[in-house]
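Sharing a structure with you now.
In order of appearance the chains are A, B, C and D, and numbering begins at 1 in each one.
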Amino acid sequence: MNLLHQIFVEPFLFMGEAPDLLLQVLWEGFVSGILYALIALGFVLIFKASGVFNFAQGIMVVFAALTLVGFYAMGVPAILSLALAIGVMFLLAVTVERVVLRPLVNQPDIILFMATFGITYFLIGFGELIFGGEPKQMITSQLMLPEGRTNLEIAGGFVTIQHIDIAAAAIAVVMIATLGIFFSKTRIGRALRAVADSHKAALSVGISLNQIWVTVWFAAGIVALVTGIMWGARSDVSFALQIIAFKALPVLILGGFTSIPGAIVGGLIIGFGEKIAEFYWGPLVGGGIESWFAYIIALIFLVFRPQGLFGEKIIERI
Amino acid sequence: MIYREAGQFKSNYAADMAVFPLRQDRIGIFVIILLAYSMAYFGSTFMLQAVLIPFLIFALAAIGLNMLVGYTGLLSLGTGAFMGVGAYACYKLMTIFPGVNVIVWIFVSGFFAAGIGVIFGLPSLRIKGFYLAVATLAAQFFLQWTFNRVPWLYNYNVSGAIEAPRRTLFDVHIVGAAATPQARYIVVLTIVILLTWIASNIVHGRIGRQWMAIRDMDIAAELMGIRPFKAKLMAFAVSSYYCGVAGAMMVFLWYGGAEYNVFNIEQSFLILFMVIIGGLGSLIGSFFGAALIFMLPIAMGAFLPAIFAPLGIRVGAETIEHLRFMILGAMIIFFLIVEPHGLARLWQIVKQKLRVWPFPY
Amino acid sequence: MSLRLYGIGALAASVFAASAAVTAAQAQDGIYVPLLSYRTGAFAGSGIPIADGMHDYLTMLNERDGGIGGVPLIIEECETGYDTTRGVECYESVRGNNPVVMNPYSTGITLQLIPRAAVDEIPVLSMAYGLSAAADGTTFPWVFNPPVTYWDGASVFIKHVANVEGGFENLAGKTIGLLHLDAPYGREPIPVLNALAEEHGFEVKLYPVPAQDMQNQSSVWLNIRRDRPDWIYLQGWGAMNPTAVREAVRTNFPVDRLVGVWWAGGDEDARAGGAQAAGYKSLNFHGVGADYPFMDDIITYVHERGLSRFPRDRVGDNLYNRGIYNSMLIAEAIRTAQEVTGNAMVDGADVRLGLEAMNITEERIVEMGMEGFMAPLAISCENHSGHNEVYVAQWDGDAWTQGTDWMSPLTEFVRPLIEEAAQSYAAADAGWPERTEACP
Amino acid sequence: MSVNPTSAEIAEKAATKTVSETVEPQGARAFEPPAQEPAPPRLFEEVLLAVDNVSLRFGGVTALAEVSFDIRKGEIRAIIGPNGAGKTSMLNCINGFYHPSEGKITFRGEARRKMRPYEAASGGIARTFQNVALFKGMSTLDNIMAGRSLKMKANLFWQMLRFGPAMREEVEHRRVVEDIIDFLQIQAIRKTPVGKLPYGLQKRVELGRALAMEPDLLLLDEPMAGMNLEEKEDMSRFILDVNNHFGTTIALIEHDMGVVMDLSDRVVVLDYGRKIADGTPHEVKRDQKVIDAYLGVPH
């Protein structure tokens, strides 16, 4: 009885008692959700266009951020570092297409999936070899991103909002809109959608798969760079960040592997869900449930809706 | 000509269905087992403790995962956690019932892993492929959290780690700090041979055929009366059993103690690499994969300084580590490109070449 | 087809051959000191300065004095990545070369080596980390954790709180939070804090941070905001520390009431909080900065000869100095062992005797050029830690400063707990070997 | 090679053995080449399976609309119709892969709406597939052995040891499988992974796998699609032999009208998910609606 009270009554009472904390929790959930969604977006882009479940997306986030900071540490001006980092992501896309995707074309999905593990390990080693393993600070101010925070006085308390978080949300929105326009309006975007529907059909109307692959990996690289800057500004840039990339996987399950709106909604659900659960219910089991909460949500969700939030019901044919 | 089956006739079906129908294979396996046991006397302590024991344990875990991924086609990323279940179960059993021989508990602990494996395998009835892989991550993170957060599991030790208490078999120390690598090696080798033999029997029999049928064409399998429900859960159970036993052996016959983070996601990935590089759906491949993935870093630690030192380049420990990551990554890609079917396929090709040697065809 | 076959075959064969070759690593003349370090992985940020500090001090001894007692030191690093498995592999690979002492540099690896130390007769020196209970030399004859244990650290923290609050009697009714890594290392201070809480009537709140979420602590800090603890003790490591300092600033938590254990005292840890992190505190047991006589030798003999990989301008960083302190302990142990046994070439068993007889007096400190860098230190046969003095360092926004005087831990309170824990550790492992020879 | 007697002998033996186990076909027909002038229609009375007003919808698409027909014990029943008529969907409903939105299916007197495919299989319904659905990673032998799954009972313990009951059972079923292999004349590819076989042989292995289940009702989905004349003749012979020797009831989908007319006892015609004709090949051939459907007369 007491337990039921603790589970079903007290957290809600507490939400009412301290609305400032509730708002803060929601804001934190929102910001994490946006960042999860950004990582998931990179996954979705690549999965849509090439059917590759790109495990390396998380590492690409760290690698991109590390490249940016690394160039800056070598004395390159911030803006030029950014340009160089974008260039490196393009090189990465070309290399991955040449060295990994092209020789493995027509292999089963699991082989391509494993190949992205290979990319992951390679990038970890390569990144640390070039830029060193110690954590680095993101060059937030040099990139003219806002710093500092605002304390909003609400209901007898305050809500702290980091300016960088606002910027992250804004940039995420802009980026998603840009990608949307890119997909629907440009020639290459149309080709991309065609490839997503059917590789063979796209090939037969003269779309170059290689070009498409470079494009999506590059796009995913840009998404990774932006995500890396945002995460890096919240903590340090180091390979310890890669673990956060795993959080994008339950997001994908909720949203479906091929849906961009799904990635965003899934990201927000996971972001809100885990912050609220950790803050209000976590103490009941000693806290730390954030490390698995998202996966359990995804697991339960899968049992009832295997195709994800936005996926279409699969009709199996034989 | 070295390796030929001509002249070996089978007069009944049982002989034709034997796991090693060829005489050369039977002799070969006998020699290998003999050599393996003799390593206990010839191998150095380092060879046994840091190379052979872990190799065998990883091979067993890889066999377990291979039954799930390679034979049944269910991708799992939770191997590390299932190994952990075996290890913690074994620890609890050993400390609650100190009178029972530890070997018994190593085998029994696998059943706990099997039970947990079945629970986390339930979603496999509705979901497949990458979705399932992500679902097994739930097992990985949740179980790891449990190992860390439930102090009962580690007997409220201040250290939070499980420590191998001293245990003997026939009055020889096999578990705990007093056990020699030789004794532990022989125990590990025997368990691995036994379980490999059983695994081979399972995959060659009805259950193995059902798994492969589910893997190759699940709908057709179901339309032929194979219940996917039973077959998939059986695969999860058997696979987790093997992983659990491997986990228990890892802690009690190799490390001598472990923290919760030994069973982390890296461990799961490593074993998955072994399975893929070794060859999906091949038991012998699991051994090859374990050997390559586990020994590669050890080899490179010895290799790289030797290569770079004459060039006047001082290679620090961390550079080796970075290169190790890079080379491991590059090797995975390399192997997938040249031989997506893994080392096991290469082994077959070699056998084929030997069969017709010295002729090219 | 066949080309590819031969290629892969050759590759595979060379891998197997090379792994066999590792066994044949031959020993050179000298005292072999392996250093388990981690310059990679999630904790590399803390691992690199420590590894360099350890390496540079021992190298300096080789360059300046030709080793210790005329015998050169063979220094070999083995990369663990702060991973227990890799650490055990490292142990196995160096064990054949007769190391005189092991520095696991990870609580997880230490725990693995503790039962083996007695069997393999290699002492384990876990400087201010590892198992607190190992300070009981009668139960753990082969394990050493000078100069202090985590339990001592927690008691000094409480002592510091009492000093600031105006006496132990003012602790009643206070809330003290423990923000810790959710791992055995992080949980180490809990028993002592709980015992002290009972004694002095304050409340302990736990804020575990899972290893995965080290850099994502917003939920934990929301909990801290809710509970409003008066003080927070930070038992964190690696990327967890800078994130914690940054979050403290963000949550408007007074940083001078956030006290880190010595492992949360990296320069980078505090710098992450920006200007507002000035005032952040951390326990420490050695001096900071480069303003010591011995440091000149390190610059002269190591840095100027191009033997160090550590950036010259960062010499004096807290964790670099920590590495030096650790190497100083190794060197002193070897030197004492040479004195005790009368042999220049010493082995693991000798160095254990050296550690048990170690007594670094003020005179010796001056001799080493370390005045002001360290407090005197003595280890005995029963007491493998010494429970020596520590002080609270404070970040001034740019560098660490000595915030308080040296303080001794609440030894009379902690010591019984340690002996009790040591007993229960040995009891849990029936057949735990007794100490082979009684303490003098 | 492990068995030496000629395949013909084995086929004979297999036939006699299995026929004695199953019920004699009601309309027994003597050996005769199939392609001769209309023999007097065989008569079948006992209804094995009845499809009653079955409809199947996917979202807004209607795949089957109120289809009713029956399959009688011992007969060869053909389901024909233009592309997209719902033939495969019909088979899928019969063996439980799809669940009809409305209507019911009665098999051996037992009516049902929902059934799992493996329940249909254990009830005695086997099938082959339009696009070969073999287990590509397994050998021919293993594929057919997999068809014996339902009949194998040895528990996990004996399987682990591959000894005692498990081994006896393996040998026993291997014998049956070898009989089927001989019957289908695929001895030479016994140990070849089926993924490497040519299409025609794959179809044959698939038939073997279905036969291994010793079904009461065998559903064949375009067994001769993509085959040349010779292969078609072989396959027709196998189908007739199965029907004759084992007394297995067969429902088949086929596009080659000649084959359908020659093989089948009765034909049901579907078009756009509706039944438009049902009767002997002779009757159906003359049905105006069928002719319209095939020639594409506007509705």
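We take it that a contact is a pair of C-beta atoms (placed from the backbone, for glycine too) under 8 Å apart; a residue touches a chain by one contact, two chains touch by 3 or more.
Keep in mind it's a predicted model, so treat the numbers as computed, not measured.
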Pair exhibiting more inter-chain C-beta contacts, B-C or A-C: B-C
Of all other chains, the one whose Cα centre sits farthest from chain A: D
Centre-most chain, if every chain is reduced to its averaged C-alpha atoms: B
CA centroid of chain C to CA centroid of chain D, Å: 74
Centre distance in Å when chain A and chain C are each reduced to the mean of their C-alpha atoms: 36
Centre-of-Cα separation between chain D and chain A, whole angstrom: 50
Touching two or more other chains - residue numbers and ranges from chain A: 128, 133, 246, 286, 288, 291, 316, 318
For chain D, residues that touch 2 or more chains besides their own: 97, 129, 133
Touching two or more other chains - residues of chain B: 141, 145, 148-149, 219-220, 318, 321-322, 325
Chain A residues within the chain C interface of the complex: 18, 21, 24-25, 28, 32, 128, 132-135, 137, 149, 151, 158, 160, 162, 231, 234-236, 238-241, 243-244, 246, 274-275, 278-279, 282-283, 286-288, 290-291
Interface residues, chain D side, partner chain B - complex: 2, 95, 97, 116-118, 120-122, 126-127, 129, 133-138, 142, 145-147, 149-150, 152, 154, 156, 159-162, 166-167, 169-171, 174-175, 178, 209-210, 213
Residues of chain C touching chain B in the complex: 1, 4-5, 7-9, 12, 14-23, 25, 37, 39-40, 44, 48, 77-79, 81, 83-85, 88-89, 92-93, 95-96, 107-108, 111-112, 115-116, 118-119, 131-133, 182-184, 187-188, 191, 210-212, 309, 421, 424-425, 428-433
For the chain A and chain B complex, residues of the former touching the latter: 53, 99-100, 103-104, 107-111, 113-115, 117-126, 128-129, 133, 246, 249-250, 252-253, 257, 285-286, 288-289, 291-292, 295-296, 298-299, 302-303, 306, 316, 318
List of chain B residues in touch with chain C within their complex: 44-47, 49-51, 95, 98, 141, 145, 148-149, 155, 157-161, 163-166, 176-178, 255-262, 266-267, 291-292, 295-296, 298-303, 316-318, 320-322, 325, 335, 338-339, 343, 346, 349-350, 353
